[in-house]
Amino acid sequence: MLSFENDYSEGAHPRILARIAAANMDQYPGYGSDEVCESAKARIRGACGDEDAEIFFLVGGTQTNQIVIDAMTAEYEGVVAVETGHVNVHEAGAIEATGRKVLALPAHDGKMDADELDAYCAAFLADANRDHMVWPGIVYVSHPTEYGTLYTKAELEAISDVCRRRGIPLFVDGARLGYGLTARGTDVTLEDLARLADVFYIGGTKVGALMGEAVVFTHRNMPKHFLTIVKRHGALLAKGFLLGLQFDELFTDDLYTRIARNANVQADRIRAALAAGGYEMPLVNATNQIFVTLPNARYAQLSRRVRLSFWERADASHTTVRIATSWATTDEHVDRLVALLRDTLTADDLL
Amino acid sequence: MLSFENDYSEGAHPRILARIAAANMDQYPGYGSDEVCESAKARIRGACGDEDAEIFFLVGGTQTNQIVIDAMTAEYEGVVAVETGHVNVHEAGAIEATGRKVLALPAHDGKMDADELDAYCAAFLADANRDHMVWPGIVYVSHPTEYGTLYTKAELEAISDVCRRRGIPLFVDGARLGYGLTARGTDVTLEDLARLADVFYIGGTKVGALMGEAVVFTHRNMPKHFLTIVKRHGALLAKGFLLGLQFDELFTDDLYTRIARNANVQADRIRAALAAGGYEMPLVNATNQIFVTLPNARYAQLSRRVRLSFWERADASHTTVRIATSWATTDEHVDRLVALLRDTLTADDLL
Amino acid sequence: MLSFENDYSEGAHPRILARIAAANMDQYPGYGSDEVCESAKARIRGACGDEDAEIFFLVGGTQTNQIVIDAMTAEYEGVVAVETGHVNVHEAGAIEATGRKVLALPAHDGKMDADELDAYCAAFLADANRDHMVWPGIVYVSHPTEYGTLYTKAELEAISDVCRRRGIPLFVDGARLGYGLTARGTDVTLEDLARLADVFYIGGTKVGALMGEAVVFTHRNMPKHFLTIVKRHGALLAKGFLLGLQFDELFTDDLYTRIARNANVQADRIRAALAAGGYEMPLVNATNQIFVTLPNARYAQLSRRVRLSFWERADASHTTVRIATSWATTDEHVDRLVALLRDTLTADDLL
Amino acid sequence: MLSFENDYSEGAHPRILARIAAANMDQYPGYGSDEVCESAKARIRGACGDEDAEIFFLVGGTQTNQIVIDAMTAEYEGVVAVETGHVNVHEAGAIEATGRKVLALPAHDGKMDADELDAYCAAFLADANRDHMVWPGIVYVSHPTEYGTLYTKAELEAISDVCRRRGIPLFVDGARLGYGLTARGTDVTLEDLARLADVFYIGGTKVGALMGEAVVFTHRNMPKHFLTIVKRHGALLAKGFLLGLQFDELFTDDLYTRIARNANVQADRIRAALAAGGYEMPLVNATNQIFVTLPNARYAQLSRRVRLSFWERADASHTTVRIATSWATTDEHVDRLVALLRDTLTADDLL
């Protein structure tokens, strides 16, 4: 069945598979201590314009959020995130599992407001009971956010500025970073992230790799003994070279951004079809996640022909769903979806 | 200096001290496995009207909240509490330290609404992503709340009813329970709590004991090997008999409720003085915590003569403070406070 | 450089890569909820002769150990393992990271003795202080062990019998299970494991897969909400179908055991060469790990031509190293190693 | 019934009780931020001869061990202790509950050997797999040990020297410190501990206080935000002044050492009686814990008249028990015990 359920439905970009296959019987030392990982790191440092960046490859996003937040905070500290942030809602308590509280700020279309962050920190420090509270120890934002929205460079600079004034590291979840960097109208580059964040990651799982996230610690601030910390979390991949091979390939000839752009282009085609069809879109962004609110019967009808993601109940008779494109989305798939969206409800659908 | 800073400023009711002194050179086995603890438990079971209740004595409130919530939930579960709940704000992450997330609901004068709780659970179960989220595993309410407010019996029954329909245990934080049970107009009794909650505690630290909280597991639901769990948390008191002696005394001749009532009576006197003086009280309750919003200069003036608790900044020029009475508050202390509250600001105060 | 450093130096068996490539643009639902995972699980159930077995695919071994031990024990329990067990020594504290203590028994060539296990449990229960101690909550053994040794069926039955009499689940780490099942002289089958263990895993990472471990819960004892528990550990692979594809292929036409056998055959060739060369082997087994004690100069010489694994310092002038073969080891590689082992030290080597 | 079961069977030294009673209706600020705590700290700094020492009062020993070890180690580190150490055996996994592994060294009458510690650290650093292992992050010794034995000054200096050369803090558990400092023949003083340890505690619970341990961080190395860390562990006593009052009194006029000495003197009387009676003492020390191996029938007989502590089964027909004296042990109690020890078994006892 046709699927726009998420951006991790397919395997990997063919160049990634070819690269793995070509190296298949080469022998690599374990745990990422190999030359291809070094090569991939060098390419990423180059792309970030940060020769001091320290890079570590992990397998998945929740894993990365858990480990980075744990390793970069003291036990009396927590992570400040917006209430809709992945770490606050959709990680099954992975952050709390390592003893860290999520300190939730209001979300604005999925984004954090720098002034609200600053006010939160100021109020915390002014609170006479602060020693009985969880200290803000790291700031977490997603780019793109869980709603596909993007920070402008000015917005990120404002957040980064608050963090630096207050001595709190800024962590950017880039699970879908490729789609953010290549969106229409964005002014945020990889170099900007490397300049403004203290740690961020470049998502591979959702952008062309089989799996893998490249964590970039800027300004030489990788926690001491980070490999041991990763092992302690059960997250150290024995065949680390598999991650190295993939990121080495993704950062050769701009593969990462080129394949990411496709998702946004295809999403724009779907957005156009939705707009033309008079569909209700509660929030519009320029990346690969499209949110549309459907009458329940319409949702049921579509679900028989295409897999979409349940997002939330809008009201008793409407459901908001997510349509996700990816590096792998083809013109033909979009054509089929657009055709389905044009179909009207039939009596049969209402059964 | 005169203090209305909190309800744990003094030692213990004289009868408690006398009881400890009388037993001082008796020899007790360790860790609460003594006869006086058994006697205290029997008295509490009687007062609760629940002959099956299992009781464990702990030292402090945050400790109790941490251990009960940890022990009564699975690792994939969290605790539902209002956003102003002690476990969510003022325990320095003690709940998260044992790997549990606080799932925050709106607070209404510090209280949880049963319908909102039910709606939260319903929405959770209806969410297609629920397996990636923290399951509601226990419900936490405080009685009195952190704002000194009280649930009515009907409100507690409604919450208990939601919990039982949904198979989620109800935990009542009774750190100030004595003040709640003896408040003007309350219709909630200890028997009601034992009937409606799955676990609750009777606060001693703030109600006449040197320290100690009596955790009551109703319906035979004390977690297996609870003593070992307490030890693992570093919370098992070697001289458990000290807790037994205190609760045995508190539950002899109604000492617990008799001394608790004093706090509410004295608080009413202060509330009357505040009302007469035209002070702004953002929230009025019938227990031992009084909240009053003062111009900052007035707050500074009073702070030179009496210790009050900072609660929160009301606005740039006003501060909300808490005045707390207790079992130990004397007429004379209240007279002095009332006199201070009548004083007008002098030029000297504004320096 | 030639490597016998470990059994995870290469990618995957070509059939595995081909299977992934063939399915690359198919669209799968996330997190292992796909048909290919179901197919793989059915094949594994068949191979185990246990139609009730519940199976979950994870990425790596330490991750699996951490999650299984955490999920199958209460917080007052720990894991009983031999002192040389992977969970006790080489997981960087991953077990303790989730709050579980490793209760170490003596190791006999890496193996646990059933009588010692029984005596440990008996002594624990007879200890008047047991409520202040960590309860034995799960028993962990590796098959093959960290020393490549194997339990006989009678030995496993004896351990399983102790576990069942005492109500403690038995967990078998099968990270190298393929090499154990196909070793000369073993009488332990997959069906035996499914019968004797309460949970075990079939290692893919070291036996032909890119990565992946198939956790088999026998007797319907997968912990409730296990997927959420895995997510909470940051260990839920978005593209779960990648694990399904690999295990579906490994359990088609006995691929798993056929490729595993190669490692043992090649190891036997190396063992023969070592014996012929008069090398000191502190421990001999029938699986893919060979331990040999070398004069330090000889170790240094060999290390310039082949990658071996440091195991431990034998004494001031000798080092014990590990030679590991795998599904990927070729005749040619073994020929080269055997030739190197025949070389004598030259003056140059002693520089 | 007469009890020599432990050193926490009675309440507190009368001067402690009197001090608490005298201050009972004074009003103190919460959480140890009061003047009497400051006074107690000043007295302890004086007694330690370390004007820079930072002191924090906690309630119990396991709690203290858990918090200090957690707060003074990174997550990739563990605690090195002898296998018989309290943290390794009798804390129900409290250390692991906060994610730290106990790295066990051999015990020599309960003591750690400096050379073995050094060799352990050296072997760890020389191990090529060390990044996959738990790093030694703090060294824990008890003085007196769990067997009542004492380090000599030279032994402590040797351990401290290893720790400083290797950059690992030394933590001394002084739950029974008073009995160690006042033992016959010891050359270790409080000043020595303050000089040699990085953190240690002065036990109050077992030496005259109702409860309480004074944690002394020497060399200004109290972890940042330690109060918040304590709160996060659920261990911050609301009425911190109760601990301050007790330690202020214990460190007035040498009360602490004077009352401690009594325990050792009384223990010597019992040891003399045991020796005279031909009892088997598997280990002899100069402090307040006496270990004696009894025929089981004799143990059963004595248990009907005096409470002793089960220690371990010596063999099928013998049990090793512990006799503990304390600050509270009276001449009369010892006389009664000595008389009991002189009694011979009667036929009745063998029933």
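In this document, chain identifiers A, B, C and D correspond to the written order of the chains, with residue numbering beginning at 1 in each.
Quick note on the criterion: a contact is a pair of C-beta atoms (placed from the backbone, for glycine too) under 8 Å apart; a residue touches a chain by one contact, two chains touch by 3 or more.
What you are looking at is a predicted structure, and each value in this text was computed from that prediction instead of being measured.
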On a CA-centroid basis, which chain has its centre farthest from chain B's? C
Looking only at C-beta pairs in contact, point me to the busier pair out of A-C and B-C. A-C
Chain A and chain B have mean C-alpha positions lying a whole-number Å distance apart equal to 41
Quick check: how many Å separate the C-alpha centres of chain B and chain C? 51
Centre to centre, by mean C-alpha position, how many angstrom separate chain A and chain C? 33
Could you list which residues of chain B touch at least two other chains? 75-76, 91-93, 97-99, 131-133, 228-229, 231-232, 236
Where on chain B is chain C touching in the complex? 70-71, 74-76, 99, 131-133, 135, 224-225, 227-229, 231-232, 236
Applying the document's contact rule, which stretches of chain D touch chain C when the two form their complex? 75-76, 78, 89-93, 95-102, 104, 123, 126-129, 131-134, 309-310, 312-313
Can you check the complex and tell me which residues of chain D touch chain B? 1-3, 5-6, 8-12, 14, 17, 20-21, 23-30, 59-67, 91-94, 97-98, 205-206, 210-211, 228-229, 231-239, 242, 307, 328
